[in-house]
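What follows is chain A paired twice: with chain B in the first complex and chain C in the second.
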Partner chain A sequence: MALFSVFQTTFLLALLSLRTYQSEVLSEPLPWAPESLKVFINSTHQCLHLQWSVHNLAHHQELKMVFQIEISRIKTSNVIWVENYSTTVKWNQVLHWSWESKLPLECAKHFIRMRSAEDDAKTPEQSFWSNWSSWEEVDVQNSLGHDPLFVFPKDKLVEEGSNVTICYVSRSPQSNISCYLEGVQMQGEQLEPNVTVFNLNHVAFIRETGTNIYCKGDQGDSIKGIVLFVSKVLEEPKEFSCETQDLTTLNCTWDPGSDTGLLKQLSQSYTLFESFSGKKTLCKHKSWCSWEVAPESQEMYNFTLTAENYLRKRSVHLLFNLTHRVHPMAPFSVLFTDVSTTNATMTWKVHSTGNYYTLLCQVKLYGEGEVTQHNVSVEVDGEQLFSGLEPDTEYRAQVRCANANHFWKWSEWTHQNFTTAEAAPSEAPDVWRNVKSVQGHSVVTLFWKPLSKLQANGKILFYNIVIENLDRSSSSKFLSIPAPANGTELNLDQCSYQIHVTAHNSVGTSPASVIIVSGDPGNKEVEEERVKGTEDGFSLSWKPQPGNVTGYIVEWCDRPRGPLCDLQWKSVGPTTTSTVVSSDAFRPGVQYNFRIYGISTERVPYLLEKKTGYSQELAPSDNPQVVMSNLTSRSFTLSWKDYSIESQPSFIQGYHVYLKSKAGQCHSGSEKAVLSDDAVCCKYKIDNPKQKTFVVENLQPESFYEFLVTPYSSVGEGPHGAFTKVTTPDEYSPILIRVILPMVFCILLIMIICYLKSQWMKEKCYPDIPDPYKSSVLSLIKSKENPRLTIMNIKDCVPDSIEVLNKQEGTRKSLTETESSKPTYLYLLPTEESYSGPGPCICFENFTYNQAASDSASCGHVPVAPKAPPSQLALLTSPENLLKALEENYMNSLGEIPAGETSLNYVSQLASAMTGDKFSLPTNPPEPALCSEYKMQMAIPLGLASPPSSGSSSLSSFTLLDEGEHYH
Partner chain B sequence: MKVLAAGVVPLLLVLHWKHGAGSPLPITPVNATCATRHPCHSNLMHQIRNQLAQLNGSANALFILYYTAQGEPFPNNLDKLCGPNVTDFPPFHANGTEKTRLVELYRIIAYLGASLGNITRDQKVLNPNALSLHSKLNATADIMRGLLSNVLCRLCNKYHVAHVDVAYGPDTSGKDVFQKKKLGCQLLGKYKQVIAVVAQAF
Partner chain C sequence: MGSCLDKYQELLGQLQKQADIMQHTSLLLDPYIQSQGLDKDGLKEHCRERPGAYPSKDALQGLGRWEFLRTLDTTLGHVLHRLTALRRDIPRAQDLEILNRAKQNIRGFKNNIHCMAQLLPGSSETTEPTPTGPGTSPSPTPTSDTFQRRLEGCRFLHGYHRFMHSVGQVFREWGESPSRSRRHSPHQGLRKGTSRMQLSRKNKRLLPRGQLPR
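The block that comes next holds the complex of A and B.
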């Protein structure tokens, strides 16, 4: 440890002595000290440019020197930068050096000084520095003007992610200045009393138009600001490539990368420099540039692409041989010659790229889903023969070429289409028929399938049909059906016919398709089998036929529910006994029926088997319409005769009858079932789909039931829709109804009859006026044998009349009113002509008759309205008018007839002597409805009848009149 | 100088083709003859009023479009950044004679036309995507050109004034971007204020 201390002390002493020596040497000024130091300011770039010279250099002398430059900020002692700048100095040379300040130069004073030394490689440390030059002061603030506030740097352009220093210079230090970036106040640090700086780290790109940064004071000073432009980092061009199409122009392309996000004036430029020729061009576009190939056939090119903006420069290089970068232009003049049904020749031309260049051309032929490719070597013109083509087929040919010697890129494709010529159809049309017998004739609908494109070999123009009668060989018929028809209808008799069908195009005729329509339909009964379809179709198989069969045909309708059926068929060979029938038209839930025919060697089709099935069975969608009948207290019958099981979306296997009851008990033959709504009911199962009636038994009288009949199949049952409600009657009601109804009916009938024949009955049973001939009195008379006694005939009666008089009080009547006092006569007994049957009548006391049996109080009298005007009275001359008048006035007349105005005189024809006293007769009106009281009208000898009571007679005459109503 | 070449000089050439660019135009004595290239319409004053009304009607929208396009702090500091503090703006006296008013109108429109040219040029660089602003600026400049022509016709026909001294606003080409934005905003604020007074005066 002591040894180490001694060694260290010795070393330090040696070092100190060396420094002392150096100081002594430096005290002598160096002959090549920097002189005439000038400082220039570039505020925009925040740069200080130094310019100086070195004197005392000999003419043509070159001296390698190092200049040490010191930069201080604010004050000379605050050195912020020291840099040694080495260069070779010549005689009389002006030297330059630049320094970029992080801080805007306007924000603070700067001081610069420098010294120099000979840059000797042998002495790594410059031990012999010249004296420092004097400090050069740089003060930009002096030239700012008198504005109260300044913000720097102006319009600064920086890269995204870099650091920026901003400052403001305030002329009034006492004001409080705030600075904002995008509305957010920045925190700065005071550099000088009137200068504050803000350091923005990792600035982000915000927008192309720059970011406003502004400062404002709190004393109403104006706002000052700057715009900071932040650029995204300029990317290096990618995928730089050059090529030529014609060996005269090079087209260079590149990917410029992401945009720098600067205004157009600030965005990058691209320069293309070729080092061999030394040429340079400024590209007008961001991603490509054209370069004229040198006429002196320069083969090698070394390009430098430079992308440059204010902040960055990026370069990429590319060295290539021109002949290796030939991208031929697309071939042209593509033509087809000698186009036949199966062959064609294609020719094309290529653009010339020099006499010694050979092109490799690639030819592709597209047709009928196939692609064939050929490679052809071409110098000027290309040619390619296509063979094995299909007739009447459009092909698409395309060709492209590339440099055969140095492959660079294929040219663009050139396309051209051509169509081969037509040929006669190669196959006979596939023909099938549908035969219907109508009124002794056969209606044969002939169908054929259009030939495929490969079979038709051209456009089918028409179909020829030859119908040959096999029974009468001499008879044949010819039809021509224009395309695109695919069938025709023939009306044939019961003979057998051989039908030939051929298809024709513009070139020729197809082979004939022959089918026999037999006169004997031979529709044997074939049992229908069920098949199960899948999404792929129906898999059908049938038993092979023992005899010679030329093939089989499966026939079905694509739309069995449609009116046109859309008959389809499929032909298979004689050795095939199964096939899969598929069709896009097959729909789930539709029943399809298939018929399999065998084709005999005589080409006669005969039915072999029938199949039916669904491509997919669906649950029944509808329930049958059920009719209920035979409702008793214990049972009822359900029937759904109209339900068609053939039109259902699946094979109906039977029916379920659901019965809901309050009791919830299920009898034998049914089982309990829980419905989707958790309701419990009894379910009866009918296994036979053809059974469409069902008797629901074992019911309770006077009970409420609900039932539902729904079909079921292998995939489910029909919907559980609305149940039908039914209430059973009580047990006795039917019996009662059977008894009571007829009884009621009979009673009603009797009542109606009695009502209708009441008059007759009355007459027969209890007449109002007994028939005198039937009277028992007659027997008495007869027994006395008194021939004088006769029965009075009504014809013999002389009718009485009523004279109605208006008795006017003479003092109050005018002369004109006297006319109305004429008496009016009412004929009390109708004549035969005027009699109109029963009805209201007027009854008066007839003194002709004895009234021994009369009820004096009940005889009505005519209530003549006392106040009736004369005209009304005149109307009373007829019985109807009279009654009307009576009805109108009677009620009033009873109480309020003024006395002495009107009088009614009864004039009896038999007592005419009494008529002189007109006013002595009672004028009581009769009561029309009450007048039917019977009065004995038979003239009876006094001896037999009791004498009439005058009191009662008198009473009968005046009963209905008050005392005051009598006129005398 | 670029601004002069791009904005003001062509304007002067168009407006004062007979006398060359940039020369000040003194008021012609009343008795001096004056001629225009095209015949003037008989209803010049009506057209002038209509054009003034048109400018007055669109001035505020133009002002709003402008300061909105400049971004913060302009929309929220209109008084400090867009106040009508244009010192050398030509005066206008609404109570003067028609001739005086027309001469003053001529000076104002000439001043505004040149300034609008500068603003349009600056905004096409600084806000290349503000197409509606560009459109509005161009439309306003078009109306001003027509108005200037009509005013000159009126002055020439009725008052035999062929030359009017005009002054132009400051050249913004050497200014920093923020200052360009601010000067444009101030000018448009002043324009909005003045055009209302002028339109009312006619």
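The block that comes next holds the complex of A and C.
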């Protein structure tokens, strides 16, 4: 251990002495020290370019040297960069070296120095450095000018995501400078008293015109800034690919990615370089480029696509064989030959791609919803036979090709259509009939379904119908119905007929469809069954027929409620006893009726079953129109005879009768129900849908009720609409009516009898007044041949006396006093003593009349004022004056009669002097013995018209005499 | 150049309307500010017309009609040059389209100025207003500093719109009342044989061509 320590000490001392020796040697300058060092400034790129030379090199001498370069910032002691630059130095060579500063060079002084050494690669640590050159100072600020403020770097171009250092130089350190990036203030650090730097990390692309960075003092009058151009990062081209269509031109395409174009930088450019030929082309487009294939048929190509902008280059490579990148052009001249009903031949041409290439072509045929595919090997022309085609069908054929040896890409498709020829219809039309008996004839409506496209094999032009009379075999009829008719109507007699229906197109005739129309309809009554439909249709089944049937037919109407029921049918085979009938026409809430017929071997259809149902039942939508009758105090009857249950949107199962009352009590047979409006009522249920009357009983007299009748089915009941109001009558009204009505009837009967007997009564009680003209007296006068004698008019009478009844006003008593009411007769004309007329006088008297004053206009009745004063009477010297005075007095008297005595009672009668009526005989009448006498009596108030109590009449009378005619 | 409208009032009205339209900043300034990113606080307030870049309104109103038209024509000629130089700072195609449309408007306006000059008396001696030599130039020489050039462009456009506003007002004064502005009266210098330059110097009143004195 001690020995090891001694050895170690000795080694260290030797090493120390060696280092001391080396130091002494290095202190001497080397002969190849760098000289003539010059520094150039590139502010735009923030670069320092150093230029120097090495003297003392022998002519043609080359020396491998290393130059150590030191760069300081602000002051020489602040070294920020040390780099060893190795190069081979020749005689008289000027050496260059560049350094890019992260800090804009204008922001601070820089100092550069260097030294050199011989570059010994074997023992680099034993190199002997020359002396340092003197410091070269780089101070750009001196050349800035006298502006108060500067911002650097100017118009710098960087990539997105880069780090950038910015500074401002202020000439007045006292001012407060603020700097902003796109309006956002930046925080910097002071580098020198007048210099502040800002480090921007990961700068982002904002716009093509660059990012505005500016600084301004607190005075705000001066603003200085820079534009930092941030470019998007150049992307590597993607999906670079080349192909040829004609082996003469290559078309290379790629995805360029983002555009890096800026105001200060053009968009990236693309260059295509092919290494085998050494050719290069600058692409005119950003995403594709054309390349002329070498005429000597170069097979292999090695392309390099280079994207380049100011900041960066990106390259991608592609190596390929030209023949493996053939993308043929689309085939052309596609034609169809030998097109028949089921076959066609397709031919096409392909563009030439040289003599050595075979193309694989793919042919697709579309028709009738099917696609068939064929692959064909083609050199120049292609051909493909299509068979098994449908007649009269349009097909679409398309073809494309690719290099058969080295598949690269299919060409574009080339399309062409063709249509096969027509053929005769292959199937007989599906025929059905509807038979109606009208006045001993059968009206047969034939229906047939149009043949499908596959069955028709062409356009159907017409249908031929042959009607054979089976009862008279010699009789047949032929009809031709042009298409597209799908039915016709035939009027047949009661014979049986066999009807053949065929469809015709331009090529031929279809097989015949035969149906028998029997003279005897023979439709037995079949009970109708209900079926339940679904959204998918009606599932119908029927019992298999024991006899031979050739098939079954299900018949229905798509629109049973419409005027045209749109008859439909479905034919099934003889072994089928069920089917599902579906139709787009089926609607919920519509009742559909199905009839199932069996077709006998003689082709005679006969009805087997009837079905009815709804595809979906709906709740009844309408309530019946209810008529109320037999309303009594205890009951009423409801009836809805007109309600049709067949036209309802579901099978009606019965009715609900709702009865509302104030009492709210429900009797037996009903149950309480709560309506949607929370009203409580009694509900009667009628289970029989055909029962359309209902008697509501157990009601209270003189009570108010409301009722509603609504149908119900399996899916619900009808709407709860308006209730009908009814009030029961009281209990006694009917009894009273039973009594009063017969009584009224009896009274009416009596009145009618009385009326009928009134003539008899009149004749008996009030005989007619005899007509004077027809009087026998007249004939007597005529016999004496006196032409002047005639019937006297009342106006012609000149009264000779007026009988005045002295009536006392006021009391009834004064009137009854007979002594004071003696008649007074005023003789206005000469009496019979002075009368010298020769003729006889006729006088009638009738005391039986008692008439109201309103009837006073009757001829011969001269009203006389009850209180005519004598003074007035005396003035009546002529008949006219007299009558006038009488009328005036009468009218005046009407106005003077007291209210209780306004009714006047005329007592002006014609009476025969021969009658023995006691009222007709006045006391001491001054009458001639031979005169017929008419006695006019004055009117008196009705209340006073009671018959006189004694034989002395209270009536006043006057006598009118004119030239021998004496009326009384 | 197409044929000129020989109706003074109609031509004046057209010039007024054109000036009114061209004063709108939406035609040039606003799109420029938007495209250059100058629509930020702290920058917008520096986008103001540089004093002296364009003739002021008072200066325009103080000119005779001939001088006014000549100044207008010259200034707009400078504007056209400057707009052409502005293209280098506008990379987007749609912004360039706006710039080109504005230049076409200015060219049309200059044509109308020429026509108006022909309507002024004594115009037969001078077929077209000639650019003035040391006249006002609306823009200094563009610098290589993009940011400063950007601000200068903004100030230039701001001044342009203000200038067109003033021009419109002057034309309006022409049309309102000849008596209100002696300098801009169309009755100025109707005397036969009087040269345009003489009239403008003497500040006489002008009459439009074809208008007779009363």
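In the analysis below, the second predicted complex is superposed on the first by the 655 of 968 C-alpha atoms of A that agree within 3 Å, B and C clash if a C-alpha of one lies under 4 Å from a C-alpha of the other, contacts with A are read in each partner's own complex, and residues count from 1 in each chain.
As a working rule, a residue touches a chain if its C-beta (ideal position, glycine included) is under 8 Å from a C-beta of that chain, and two chains touch if they have at least 3 such contacts.
Please read these numbers as outputs of a predicted model, since none were measured by experiment.
Novice: Quick check on the superposed pair: does A:R738 touch chain B, chain C, both, or neither? Answer first, second, both or neither.
Specialist: neither
Novice: By residue count, which of the two partners contacts chain A more extensively, chain B or chain C?
Specialist: C
Novice: Which partner chains sit in contact with A:H146 here, chain B, chain C, both or neither? Use first/second/both/neither.
Specialist: In the superposition, A:H146 contacts neither chain B nor chain C.
Novice: Pick one for A:G261: touches chain B only (first), chain C only (second), both, or neither.
Specialist: The second partner, chain C, only.
Novice: What is the shared patch of chain A, the residues that chain B and chain C both contact?
Specialist: 154-155, 180, 182-183, 208-210, 212, 214, 216, 223-227, 263-264
Novice: Can you list the chain A residues touching chain C in their complex?
Specialist: Those in contact with chain C are residues 151, 154-155, 180, 182-183, 206-214, 216, 220, 223-227, 261-264.
Novice: Using the touch definition from the top, list the residues of chain B that touch chain A in their complex.
Specialist: Residue list for chain B touching chain A: 70-74, 77, 80-81, 125-129, 176-178, 181-182.
Novice: Would you mind writing out the residues of chain A in touch with chain B in their complex?
Specialist: Against chain B, chain A makes touches at 154-155, 180, 182-183, 208-210, 212, 214, 216, 222-227, 263-265.
Novice: Can you tell me which positions in chain C touch chain A when the two form their complex?
Specialist: My answer: residues 35-38, 40-43, 45-46, 89-92, 145-148, 150-151.
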